[in-house]
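I have a structure I would like to understand better, so I am pasting it below and will then ask my questions one at a time.
A, B, C, D, E, F, G and H label the chains in the order they appear, each numbered from 1.
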Amino acid sequence: MSKIKLDEVDHQILDMLIDNTRTPFTDIAKKLLISAGTVHVRVKKMEDAGIIKGSSLTLDYVKLGYAFIAYVGIFLEKTHQTKFVMERLNEIPNITVAHITTGKFNIFCKVRAKNTKHAKEIIFMIDDIEGVSRTETMISLEESINDKKRLMHSIFNELN
Amino acid sequence: MSKIKLDEVDHQILDMLIDNTRTPFTDIAKKLLISAGTVHVRVKKMEDAGIIKGSSLTLDYVKLGYAFIAYVGIFLEKTHQTKFVMERLNEIPNITVAHITTGKFNIFCKVRAKNTKHAKEIIFMIDDIEGVSRTETMISLEESINDKKRLMHSIFNELN
Amino acid sequence: MSKIKLDEVDHQILDMLIDNTRTPFTDIAKKLLISAGTVHVRVKKMEDAGIIKGSSLTLDYVKLGYAFIAYVGIFLEKTHQTKFVMERLNEIPNITVAHITTGKFNIFCKVRAKNTKHAKEIIFMIDDIEGVSRTETMISLEESINDKKRLMHSIFNELN
Amino acid sequence: MSKIKLDEVDHQILDMLIDNTRTPFTDIAKKLLISAGTVHVRVKKMEDAGIIKGSSLTLDYVKLGYAFIAYVGIFLEKTHQTKFVMERLNEIPNITVAHITTGKFNIFCKVRAKNTKHAKEIIFMIDDIEGVSRTETMISLEESINDKKRLMHSIFNELN
Amino acid sequence: MSKIKLDEVDHQILDMLIDNTRTPFTDIAKKLLISAGTVHVRVKKMEDAGIIKGSSLTLDYVKLGYAFIAYVGIFLEKTHQTKFVMERLNEIPNITVAHITTGKFNIFCKVRAKNTKHAKEIIFMIDDIEGVSRTETMISLEESINDKKRLMHSIFNELN
Amino acid sequence: MSKIKLDEVDHQILDMLIDNTRTPFTDIAKKLLISAGTVHVRVKKMEDAGIIKGSSLTLDYVKLGYAFIAYVGIFLEKTHQTKFVMERLNEIPNITVAHITTGKFNIFCKVRAKNTKHAKEIIFMIDDIEGVSRTETMISLEESINDKKRLMHSIFNELN
Amino acid sequence: MSKIKLDEVDHQILDMLIDNTRTPFTDIAKKLLISAGTVHVRVKKMEDAGIIKGSSLTLDYVKLGYAFIAYVGIFLEKTHQTKFVMERLNEIPNITVAHITTGKFNIFCKVRAKNTKHAKEIIFMIDDIEGVSRTETMISLEESINDKKRLMHSIFNELN
Amino acid sequence: MSKIKLDEVDHQILDMLIDNTRTPFTDIAKKLLISAGTVHVRVKKMEDAGIIKGSSLTLDYVKLGYAFIAYVGIFLEKTHQTKFVMERLNEIPNITVAHITTGKFNIFCKVRAKNTKHAKEIIFMIDDIEGVSRTETMISLEESINDKKRLMHSIFNELN
């Protein structure tokens, strides 16, 4: 698990982009007292190394009508079906996260739905995947934290 | 929970930005056969309405040395401590997601750590928050899906 | 547990009223070939015996904006608080049913709410009752059966 | 889930009927200082809108010899059997309520029986439905609250 | 569930026999100031009514080399196998008690064995009965109370 | 755990007494072709050794109005209260068996009651013992086996 | 379960060897004021009796790159597969301990792996053994005690 | 977690010592065609690096009268007591292994005892440690695998 070496400058660039991916490189350059070309080179280097995998918008799910979040634990009939089931889960866009886990579940996933009725339909789709033996669902009453930026800033500080 | 009305054009703009937030507005304009100004206005409108809350980089946690993911279920002593505990959790950057849930836990959160030892330290920090009675931890053996773009595309398609 | 003796006529009267409490006694009398006075006497007798405790409308909760149903299991700190807690639960109108139970819960109750957010508020009210140690919630995805008439008809048939 | 608009008068009518469905419309009219015809029209309107689905007697189950209440959680073999099993459950009159639920059970239902022996027979009937994999039963030691009128009054007050 | 009417004299006879079944009827008669014939008639009457089903020695299991007690919960594949499995359990003499139960088990039984190794053999015999899906075992560390006489005396006192 | 040595004759005596404790010693003697004195001596020896601890009637609980059986698992606040709680349990005659156990409960006991309501009162008495933190109850739907004679005969056969 | 009689001298020999198996017999002899031949004879006697089954190095797993410990509970389809499954487990060297257990698992084993990914592979190997129905895994965050010497010293002291 | 580099020769030495720690170095030297001095130097190097932490006898617990194995899961009142409780556990020699774990327990440990009664005493000692809130015990019915040599050989082979 070899760590990519990021220096102080890389960190400062990431620290600015993590909050707003559209920050112009010239703004970054000005703030760090380096050339825009350097910013470009550094970002390119981190993209090539696979550290930066892309960028995405943070949208408001509730305003888009997706206010319902459920965590679904999946029991498989046999473990060797894990890969097959994972591929089926990947075809359901409402499953935004899925893990292979220890503990009582084989797979644990996060579902975003419009409401109770919609959640039921998605859970039924999961239940009907070949190899799925049973599911258990936990409903979120409120998503109080969903923020990876705090972690990122903490990682960048630590790496200096 | 009034839905913001997004038209076909809004959707197409979001559909392009969701994959790459740095796509120049001129590229979007060219593709949609509209003016760059219109793109700008539409994006501004969706930002003002709170639909677009921001943008962020997708980084590779493993390459940054954070390969360990755990889900921690928290039992509180009393529910009225929920808000207080949530604020304490918010001070721990390794907790990237936290929900108030139904079922046996009061709060359910996601922890990213470097390794087993680091995870132990974070879990101990959670356990020592005033009001936390007990925690149960589930370790991820592999994060197979972590992708909100599929859902977003599906939402935009549906809204048309 | 002495059973009240209901004869064939009582049964037929109940069988008609159970489906529509507003059925005029004259209609019942005509159908059963008895006098309306007899119907009145019989109903009065069953009311006095406490068999008929009253009547109520069957309303559509969903149309009234109450689409969310949860079952909440309550753990008490000590059993002698059962009566006290039950009185507090009785002050929350959204709790339509509550039982003292065997198994892992001390009290098990049914909650009707408008949505997830409303349910959270009610669950928090329950959690904050003095003597309540912890709760566990199970969400209904669909109320498929809610019908006591089938049982009533079955009882009346059996009693003949 | 569009809410039917009920005005102050509708509410007052419901508020009186909820406590006694046989209250003569002339009594209601007198109390509300409106005509009996208006009461009739309003009730008809609410029946047509499906808000009032009917009326029913409140009978004393214990006096009828049905003192035993159990909640039965049902595990299905596969979720797509839900509809089929629900239809079978609907044929057992002792099952007065049944929900599709989240959590560990697929279906959760309420059973009213005469005594332990009778409950055993009903549970065995459920267990033998095709598609039912297993059941878990929780016995009620006392039904302390069973009252939807408090909720109804609260809803009517709120709607004003 | 009609109760047999036992009078004061019946009770006093049972109260003496429950402690020592070999108490001569003449001793009982002398103590109660009735004739030995009366004692005989009364005992015969209670035997005929099925109240007295027999008598048995209370032996010391530990001294007989049976120091190990386990409670075994049995999950069946389908409930209709209950009778069949019960008959198989009845062929294993080490199972001294077996119940059909509510809760998570279908059948719950008590096993007396010589030691851990012996218990394992008996549990394996149970597990291998056709229709048994799984078992869960709870080991007794000490049998602190095993005494039905306190209950009997309490019943006889109450019946007076 | 030194086993008392029982010879063939002891065994045959126990085998007859276990089925009917009132079998006259002369009958036993005749059957075994030994003297009644020998029977007396042997029984006395087994009583002195503590193998025979007494005798008791087998009564029909249902006919005595005690048709309800529950198993209650007890969680203590601290283990050192075990002895104290056991003494309190011993004062409740309806608790006919109690064990210190492994697994999730500290103490596991059997309760015989008249009906659901009576069971509730006894469970509440247990819950209110100082040191008892919580209880979980499992109801018996049918006591299908309650027979220690099969085990006894099996032990006696094996000892030969 | 006949105990081998070990005298004071045997104990003192074991007490020295348990801490360092390579202690020369002459050193032991000198310390105990006996001849080296006697030490040899005593050790040979304990080896022949099977008390000493061998010796082994205590190596540092972490330094060898095996820092990950998991406990895996195994549910079998049927108990009679226990022996077969145990033989398959024995072919996986990362399983250092395996027990047949009471409670919810049929088999309970300890796994040493290099990291999360490696643990996943081993758990999948276990899951895919014929007869294994399901597994549940508990991850060790730190092995704080792993020391049989304290017990051995305590046994030897007690045996004197 | 830097791995010590072990070469082919180190491995072959460990491979022989792991099976019998008393193998004379001259025997090892002869087999590997190296000098006894080299063996000595290599072993010394691995001891200094902490790879070899010592050696120990493998004794037969059953023959020593310790036939009873239990796994005890410990719930703490608060996590910050972990270190304190671990030190208390370390004073009980019958606890041969103890882990800080994820999942429902805070600490999970292995207990070796003489029999059920002895196990009860040890479990009570654990339960009475300050900070221990509750324990759950799982009894081993048979220790089928207890062998770290397979793993060691596998590690040595892999390192080549």
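Here are some notes:
Heads up, the rule we're going with is that a contact is a pair of C-beta atoms (placed from the backbone, for glycine too) under 8 Å apart; a residue touches a chain by one contact, two chains touch by 3 or more.
Treat the numbers as computed from the prediction; the structure is a model and nothing was measured.
Note on connectivity: the fewest steps through touching chains from chain B to chain H is 1.
Interface equivalence for B-H, evaluated over B-C, A-C or E-H, points to B-C, where over half of the contact pairs coincide by residue number.
Chain C and chain F, compared by their mean Cα positions, are separated by 42 Å. Chain E and chain F have Cα centroids separated by 7 Å.
If each chain is reduced to the centroid of its CA atoms, chain D and chain H end up 60 Å from each other. If you average the CA atoms of chain C and of chain E, the two centres end up 39 Å from each other. Looking at chain C, one finds that residues 67, 100, 102-103, 119-120, 123, 137-142 touch two or more other chains.
For chain H in complex with chain B, the touching residues are 75, 78-80, 82, 100, 102-104. By the touch rule above, chain A contacts chain B in their complex via residues 1, 3-4, 14, 17-22, 49-60, 62-67, 69, 71, 86, 89-90, 93-103, 105, 107-109, 112, 138-155, 159.
Those residues of chain G that touch chain A in the complex are listed here as 70, 119-120, 123-124, 127-128, 134-139.
On the chain F side of its complex with chain D, the touching residues are 67-68, 115-117, 119-120, 123, 137, 139-142.
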